[in-house]
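Here subunit A shows up in two complexes: once beside subunit B, once beside subunit C.
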Partner chain A sequence: MGIDANISFNFMRRYLKNNTIFGLAILLFLIATVILSPLTADPTKIDLQNNLQPPSLKHMFGTDNLGRDVFARIVHAAKVDLTISLVIVGLSAVIGIAIGLISGYYGGIIDKITVCLIDIFLALPELILALVIVGALGPGLLNSALALVALGWVRYARIVRGSVMSVKERQFIEVSKAVGIDDFNLIVKHILPNVVTPAITLAMLHLGHAVLSLASLGFLGLGAQPPTPEWGTMLNEGRVYLREAWWMSVFPGLAIMLTVLSFTLLGDGLRDVLDPKSRRLVYG
Partner chain B sequence: MDETVIVDNLRVHFLLEDTIVKAVDGVSFHVNKNETLALIGESGSGKSTLGKLLLMLIKPTSGEVYFNGLNLTKMRDRELRKIRQEMQLIPQHPEDALDPKWKIYDSMVEPLRIHKLVNGKSEEKELVYELLEMVGLQEEHLNRYPHELSGGELQRVVIARAISLNPKFIVCDEPTSMLDVSVQASIINLLLDLQKKLGLAYLFITHDLEIANVVADRIAVMHHGKIHKIS
Partner chain C sequence: MSNTIEYVLKRLLMAILVVIATSALTFYLLSASPGDTAEIIIKKVLVGEEEYNPTKSEIQTVKDVFGLNDPAIICYLKWLWKAVHGDFGNSYVSGLPVFNEILVRLPATALLAISSTILSIMIAIPLGVLSAAKQNTVVDYACLAYSAFFIAIPNFWFALILILIFSLYLGILPVAGFGSFAHLILPSITLATSMSAITTRLTRSSLLEVLSQDFIVTARAKGLNENIILYKHALRNALIPVITIVGIQMGHLLSGTVIVETVFGWPGIGKLLADSIEVRDIPMIQGCVVFIAAMFSIVNLLVDLSYRFLDPRVKYGD
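Here is the complex of A and B:
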């Protein structure tokens, strides 16, 4: 029994490790395509004579209804999707961590308000909230990114707040206070380094989630506007031609799937390295 | 004036689920310069709370604390941070008293940096080596993290930190209760040596009557938030 458990445990560890390597490989591949994107055909060049061509040597992933090269569009969309997602995650993390630190450390009325906000945000379905915000701001890549930041900080705030509440009771905090440290330095130099690890793991998982949300908004016509190539928008364009030209939808869909998979696997791997004790941190 | 610390009718009450907990309930005493006042009592008698009250780490419900003639209870946070140079805390759990993410060197110079007592790296290093020698640690300890040191070594680092600011008064909150008996003796000897050298006053919180007898000039007995007897 003990040996069996041991074997399956080892198997699991190796499995997780290979997963992480797989995720890393996809990510490196994505980064390489982004770097090499200038070498592809012009993603916005319309060629109506050659529209809806199936995949061939000239057009690896075929052409769309306006005769644009689907491969070029996917590669250029990778640049858009990845950078915007990175910005969304970065801003969400900074805002969420700051709010979590302040609310966890000071408590009181600030904390009550924050907790209330967190509960409201987490109780409502995220995509519908994003739809409401983008609807109010007007469609566009920037506005959908803003909407996703407005929703994204919540999980960071929650996870950081919880850790701050336990760390601030520890003795080294009290000892530093007794030495005469001010609140700002105490929070930045002592509390932050001791609570930031789970937030880093969360950020990795959030990246995959952000790509998916951004593509969802694009698919609904609220994200990037034509002719900007974006995976979700491409999916939407291909939807109408699904019977005649499957390649218009399948390839952007695959790109989204591989990207999200890559970040999720990397997030899992990162969690195992940074925080071996906690085995579950689910995003979404 | 011989008193470093005077405590006058100090109370702290907490509200815990509709019942008032009188952790410290009308306590008055004083600590003289260069003297060790041992505070003994069973666990839960409020002795640690009292120690933290003297350092204003907890605000009292009522009553006054005077330190070198200054009323700490009336002070603003900014003034209080300055005055903290002169009164320090040595806590009960040395393994949790240093930031686990900080190297020993950084933890040791933190008080000096906060109060801007050193100019430049070389002066800082010189002071750190001086402190190392005073508390009996080696240079090799400086580059380690807290989890790489033993309890006794950690407590020495904590003591070095506390005396680095040249305080007049230190609250020792059961500084040896978490250590091996053999290490206990060496830490207590270190504290007594430093007291002679630096002219420190201690409030020595303990539940061990034997240790109290060794270190104390006077002993106060605390029970249910009140001091019953000072000898």
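Here is the complex of A and C:
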């Protein structure tokens, strides 16, 4: 027992202490698959003769109900899911940070409205609001992304607004004002660099969250529509064939899990480096 | 004391504002969405064919029957006025009162929410305590890995995996449905594992923080049994933030159940909402969202109050 337990113990310790590296490794692996995705089979090629084939040498992850290669679909879906999630996070962050800066700096009625909006948005489960927005706009990848941006900016605005309120009382801001710097330059060049750190950490954790939300909407049939390969949508299609073809459901879910795990680990690592005092546990 | 009452009233007022704002937002989104509502009702609900082309008189009839002649704002105010009096309108699909439909579905959702919360606590607190008590050992890392994985695992996928193993492969539990204890097991496990992932981490970090405080050092210095220190002194203090997070999660459960109820065919409010969105049953969507928003606000308020009750150091009114 002694040696085995020791080896596994040391391995675990090193592995988990370096979980940021583990997260980075998964991310690099994902990026590599996205870059190499043109080398896979055509993800939309229908081959009804060979449908619902179990994993084999020819089809690593088997084929789906229309005979399409599940591996190729997962790889191409990675491109869709990662790009859209990145766009969701990018837009949410830019909008949220801008609103947070303006509302925190100017205060007054703008700030009151912003705070009220933040309270309303945070007082509701996100997925419910996303469901309503997508339900109203109609299902689709772009509408899902739109809904997630419409909800995503709130946390950035809150976190940035809070920091701006404290930074703007500091002396160097007063000095800058006295020197005659205009508001725009003051906000962008002097306040922004001092408040952006927590927003960066938030963005990393938000990425994992965005992948999950996008896949959830896809799973409910409201996200990407077939034949677009998207992990959540693939799971929705695979659900019907769970009895005949487990591989249609198992592999896309694994892809989601690995991606989210990678972003969560990276987010945690980033937070430890950027603001070690913070104790936020997960995005949410 | 008056401070407490003032705080509760303020929070209640905010909760009511949030619920009204939500209903307005939902109403606006649903009525401003592409396509004439009457046309959609005819296509999706009455005829059931996307390609069906309704005539002008058909549209007019539907508008009269469902009261869609007024502009959106008037429709909303009418709806709000009735809603305040407990009438949430009738479903476009079944024609039954929305409020009754929701109440019929409530017990199923409540049963699932309560059982999965209890299960999640039964998993998370022992794991969290174990993890903190054996900090930086294999046990600790295993607990942390458990938590990291279940934060990353999408619950709709985990539900499918559970069905695959326990229903299709082993054949010991039903695939989906409602009615017996066996039906409750898989949906509860699905929700409980994802909830417990966060609670485990929080229990661990909260307990570690308490264990580093002076009164614990004193207790150790006077030679108190380590188990008594852990369970009697430390855990009680460490559980306060844990209770808060469990409460907040119960609020969030309402959205988690949309997916889990859909997968397991569980006849609760979440599935009702998902089904209503699919057929664009606007009064039903509206009713569900308002109901969920209200429940969420109430749960959050109760959590805040209990927090302040459990930890007398916290003051009201900030």
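Simple rule for what comes next: the second predicted complex is superposed on the first by the 265 of 284 C-alpha atoms of A that agree within 3 Å, B and C clash if a C-alpha of one lies under 4 Å from a C-alpha of the other, contacts with A are read in each partner's own complex, and residues count from 1 in each chain.
As a working rule, a contact is a pair of C-beta atoms (placed from the backbone, for glycine too) under 8 Å apart; a residue touches a chain by one contact, two chains touch by 3 or more.
The structure displayed is predicted, hence computed values, not measured ones.
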Quiz item: Which holds for A:P193: it touches subunit B only (first), subunit C only (second), both, or neither?
Solution: first
Quiz item: Thinking of the overlay built on chain A, is A:F219 touched by subunit B (first), by subunit C (second), by both, or by neither?
Solution: second
Practice problem: For A:V115, decide between first (touching subunit B), second (touching subunit C), both and neither. | Solution: neither
Exercise. Go through the superposed model and pick first if A:L274 touches only subunit B, second if only subunit C, both, or neither.
Key: neither
Practice problem: Answer with first, second, both or neither: which of subunit B and subunit C does A:S176 touch in the superposed model? | Solution: first
Exercise. Once the structures are superposed on A, label A:G208 by its partner contacts, choosing first (subunit B), second (subunit C), both or neither.
Key: second
Quiz item: Which touches a greater number of subunit A residues, subunit B or subunit C?
Solution: C
Quiz item: Looking at the overlay, what does A:P125 touch: subunit B (first), subunit C (second), both, or neither?
Solution: second
Quiz item: For the complex, which residues does subunit B have touching subunit A?
Solution: 52, 55, 57, 80-82, 84-85, 87-89, 91-93, 96-101, 110-111, 114-115, 158, 161, 165
Quiz item: Once bound in the complex, which stretches of subunit C touch subunit A?
Solution: 14-15, 17-18, 21-22, 25-26, 29-30, 32-34, 136-138, 141-142, 144-145, 148-149, 151-154, 156-158, 160-161, 163-164, 168, 198, 201-202, 205, 251-252, 254-256, 258-259, 262-263, 273-274, 277-278, 280, 285, 289, 292-293, 296-297, 300
Practice problem: Give every residue of subunit A touching subunit C within the complex, in rising order. | Solution: 5, 8-9, 12-13, 16, 19, 119-120, 123-128, 131-138, 208, 212, 215-216, 219-222, 232, 235, 238-239, 242-243, 246, 249-250, 252-253, 256-258, 260-261, 264-265, 279, 281-282, 284
Self-check item: Footprint of subunit B on subunit A - complex, ascending
Solution: 170-172, 174-182, 185, 190, 193-194
